[in-house]
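Next come two complexes, and both contain chain A; in the first it sits with chain B, in the second with chain C.
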Partner chain A sequence: MSSVEAREARQPWILLSPALTAVGLLLFVPLIFIVVYSFWLRTATGADVAGFHLDNWAEALTDAFYRDILISTLRIAAITTVVCALAGYPAAYFIARSRGNKMILLLLLMLPFWISYIIRTMSWINILGVSGAINSALMALGVISEPINMLYNETTVILGLVHFLLPFMILNIYVSLEGIDTNLEDAATSLGATRWQSFLEVTLPLSLPGLAAGGLLCFVLGAGTYITPLVLGGPTDAMFANLVFEAIITQLNWPLGSALSLMLLAVLGLLVAIYNRYLGMAQLMKGLG
Partner chain B sequence: MSSVILKDIVKRFGDFTAVHKTTLEIPDGAFVTLLGPSGCGKTTNLRMIAGLLDPTEGEILIGGKRMNDTPIHKRNLGIVFQNYALFPHKTVAENVAFGLKYRKVSRDEIARRVKDALELVQLPHVGDRHPKALSGGQQQRIALARAIVINPDVLLLDEPLSALDANLREDMRVELKRIQDRIGVTTVFVTHDQSEALAMSDKIVVMSAGHVEQVGTPEEVYNAPASEFVANFLGASNIFDAPCTQASAQGATLDAPVFGPVEVAAARAPGVVSGPAKLVLRAEKLQLMPQGAVPTGMISAPATVETVDYQGQTVRYFIRLGERQMQAINMIDERPFAEGEAVLAAFRPRDCAALRGA
Partner chain C sequence: MTRKMDATTRYERARERVLNGDLDRRKFMGLLGAAGAAYGLVTPYRALAQSVSEVRFDGWGGVVSEALRANAFDPFTAETGITVVDGTFGGGDEYLSRVKASQPGEYNIAHLSGVFDYARYHGLGLTSELNEANIPNLEYVIPKLVEVFRKVSDGSLSCVPYDYGTTGLAYNRKHISDEEMKEKGAKILIDEAHKDKIGGWSDWRTRMWYAALQTDQDPNGVTDEDACWDAIRAHRDLALKYWTSGAELMSLLAEEEIHVTEGWSGRIYALQEQGHDIGYYDPPNGYGWQECMFVLKGSPMEACEELLNFMLAPETAIAVAEGQNYPPALDPQKVELGDKIPTLPAFDPSGTLEGLTFADPAYWNGHEADWSKTFGRVQKGY
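Moving on, here comes the complex of A and B:
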């Protein structure tokens, strides 16, 4: 290899090195700590014993409590993803097909990101709470005499998650719809398909990669959340990330918390791997960029 | 198979008028080209015939039936788009079969008609492949097969050749015309390429800025342009003010600068009356000769070659006659004239056309 070739081969790595260093230091090194921690042992005195113990893993993997919450976490994430897809597709289609005001619509879509996710989540308390907007309005109108309890259940958790994740879904679908030549639908209708048939035959299949990318993002972010169930869920609506939070922050049981968080990481990682196998990560990058 | 009639069609986009009041008749089985520069309204007209755009005013009739309120999927048209618009997720055979699926055609017949259509476009063996695996020219043939397999009443071609390489474009031009002749479908072809229009059309509709400038056979629009725009758009022309001194049923006499009086036949001088007029002299009809030649039956004047634009078979000269610059496109006989060479510029009066002056 000549020196010029060697330099050219090195160049991408030189340019990537700051980012790789940051990712390595801030992501992989802590992750290794977590892996190591998960094999330590927490004693009754509160001191952690270093070593290779499988006790945490045994507890995390066999306790029905953890398994049930993992299943309900995945169920909530799945429902959220389906709701986001159903609500997000028409919106994305409308934005992609609108002419003059596309930029304004996209800006409106981005607007929620300027407000903290926690504030946005808490705003539902002002809407659905006992003295919130809906109850106040209904009572003022005399429809009800006592406020209705609408908050702190699984439905409000899903509502909060949909509120948080819908823009991700819309953006991903929008990007894939934008990439579809509008002549294709015209060609389909000119050949005798109605607008609906041409949507089903042409546009929908061609936008599936975007739908899948949006779905993956919503599912992974939804399954990993702990703020939404904390703010909008009741005592029985904890999701898996809340267990990790509980173990590490409240009980200071780092070894168990580490094992639990690695469990969630493994489940979601498997999902990403399956997605990558069949659709590839490139589509996801498009939607994020 | 059907005629297409546009009756007093107007199309406005907000304040912008894309098509001014236009009336056009495209006879059954004809190959009619809408020719003009981009933005002249030719594609807008095509899209209105297709049903992809609604006219602001006027009526569209296909086969004598008013189509304004008929949605595109019920018009039975074959459209070929500039960028092919093949469905990338379907195989070639599925693409071609697409329109037949919505026409209550049995499975066996679909297979047979897809096979026939692919044979017609000379690509019988690509049915199982995806469009992406084909070259641009092959994709265009598939797009054509998909449009004609449904036996459309009218075939609409939106600049179908402009995405192809120059050589391929000329092959496809011949191919397209052969297929159209064979199936005899009424065809509306949109292009900005004058040589495509001249080579393929039964009739050319020259458009500019939303107006129809001229409708005629290729020979008519080429030899007897109705306006300065048409004369310039179809090939290179020398156009100059030449007052008409005498006009009669036989023709008009124009007093051309440098060359003197030129008699133009009446057929090539539509509406020219005594007074201001313009003489149109095509660059190919202006012949350069060595100094001292004695052309017979031609009008000539001495000139100097300024620029030589060598193109192989032909040369395009820019020559100077006094204060005036003109273009001449000549076949190369032995050697092209050199820049700065003194020559004789000559033409036959019958090759000229005349326009009414401003």
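Moving on, here comes the complex of A and C:
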């Protein structure tokens, strides 16, 4: 290999080295710590005992409590993803096919990201609360005489998650729709297809990679959240990340919390691996870019 | 004339040399890397080496933090030049987790609740040893409050008692009368009549304490645990929401999302001051607690002791107490406490605190691992 070729081969690594160093130090090293911690034990006083013990893993994998909450978490994430897809597709389609005001619409889509996620989540309390906007309006209009309890249940958790994740879905579908040649739809209609048929037969299949990428993002982010159920959930609406939070913060049981967080990571990692196997990560990168 | 060169000046000079061509790029990057590594290595120990210019304080946030900031920290900084950086936490467990993840000296003083917290920190080797000669204002504190801490840490002190209060029953008078509250007491939290209008703190100790009251047991000596868990489940099924902070407690009551919950006496008093028609009732054997200013091991002791002494000065402690609505730990037999403090909930004019039931630290810490975990499950529907 000539010196020029060797330099060219090195260049990408040199350019990538800051990012790789950051990922290594901020992601992989802490992850190794978490793996090591998951084999330690917590004493009655809250102190940790180093060693190689499988107790936490045995508990995390065999206890029905964790399994049930994990299933419930995946169910809530799946419902959220479906709602985001149903609500996000028309919006993305409208933005992609609009003329002139596309940039304004995209800017409007990005606006919520300028506000803290926690504040956005808490805003639902002022909308759905007993003295919130909806109850006040309904009572002022004489539709109801007593305020309706709308907050602190699974529906409000899903609503909060949809509010948080919808822009991710719309952006991914939008990127996918933008890449579709509109002449294909025209060609389909010129061959006798109705507008609806051309959408079903041409546009929708071609935009599926974007829909799948948005779905994956929504599902993974939704399944890993703990703020939304904490703020908008009722007593029994906890998700798996809340268990991790409780084990680490409330019970000071870092070893068990580590095992639980790795368990969630493994489940979501498996999902990403399946997605990558069949659809590849390229579409996801486009949507994130 | 020479002057001490700081890191920024050193970097600017090195950069200038690179731009002038006096230093090759590789050497510059090497120096930069070495500087970064040195900074990273030295930073954790800087607190030990440098003169103390700031002290970190962590507390409960909201009106409590506001009262401390206005009446204690800002005047202390003005007098001594030492800045007090204040952070907040939602509970002692959360704070302990942060301390566990920190470097020694990173956290200094915490507004801890309950002797059980003090005992827990002592058990984890986090206690320091205060030089009481530097805190002469300790003499004004109710002796009973001091002694209970001494017993835990073998005669020495790692904290000074600061205030006390109760976790009693808070109720909206529009929906629950004073008579109904007195008649039902703690059992009102498991009363079907108030389904979906009941709240509760997501704290296992408080839940277990009230479950003991609901099942007619001694909170410091539960004999029928199953009955308590059943009471906690009953409360969970009737509750709209477990609250996690004082701010959320006040919001839920003020917005009338809930009509009844147990609540912290000072926060409920603050709601009453704001004009909300919220009643407060301490049931028999209600949950009394005392708070302290705890100094963590590895903190700059003299600066912390100076701050604690400043905070215990009667004029400061009274102003803070009036702001946060919790009676101060000052002995009413030794210090004239003014007009407002005798009106605060839980205030004991005798200074003996005989009327309050406190959590037995050994008993509660003995059950901590088991009960906190079980509550985590019960809370989620199990």
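Things worth noting here:
One rule holds for everything that comes next: the second predicted complex is superposed on the first by the 289 of 289 C-alpha atoms of A that agree within 3 Å, B and C clash if a C-alpha of one lies under 4 Å from a C-alpha of the other, contacts with A are read in each partner's own complex, and residues count from 1 in each chain.
Methods note: contacts are C-beta pairs under 8 Å (C-beta built on N, C-alpha and C of every residue); 3 or more make two chains touch, one makes a residue touch a chain.
Bear in mind the structure is a predicted one, so any value in this text is a computation, not a measurement.
If you put the two complexes together on chain A, you find that chain B and chain C both fit without a clash.
After overlaying the two complexes on the shared chain, residue contacts for A:D186 are found with chain B alone; chain C is out of touch. Looking at the shared chain after the overlay, A:L105 reaches neither chain B nor chain C. In the superposition on chain A, A:L204 makes contact with neither chain B nor chain C. In the overlay built on the shared chain, the residue A:A87 is in contact with neither chain B nor chain C.
In the superposition on chain A, contact of A:T250 is made with chain C only, not with chain B. The superposition of the two structures on chain A yields an angle of 150 degrees at the Cα centre of chain A, opening toward chain B and chain C, reported in steps of 10. Of the two partner chains placed by the overlay, neither chain B nor chain C lies in contact with A:M150. After overlaying the two complexes on the shared chain, residue contacts for A:L221 are found with neither chain B nor chain C.
More chain A residues lie in contact with C than with the other chain of the pair chain B and chain C. In the superposition on chain A, contact is made by A:F65 with chain C only, not with chain B. Closest contact between chain B and chain C, by C-alpha atoms in the overlaid model: 48 Å.
Applying the stated touch rule to the two superposed structures, the chain B and chain C interfaces on chain A have no residue in common.
The residues of chain A lying in touch with chain B in their complex are 181, 183-184, 186-195, 197, 201-202, 205-206. Of all the residues in chain A, the ones that touch chain C in their complex are 42, 44-47, 65, 69, 125, 129-131, 149, 151-152, 230, 234-236, 238, 243, 246-254. Remark: chain B residues 50-52, 71-79, 81, 83, 85-89, 98-99, 101-103, 146-147, 150 touch chain A in the complex. Partner chain A is touched in their complex by these residues of chain C: 91, 93-94, 96-97, 100, 120, 123-124, 196, 204, 236-237, 239-242, 244, 251, 255-257, 365-366, 368-369, 372-373, 376-377, 379-382.
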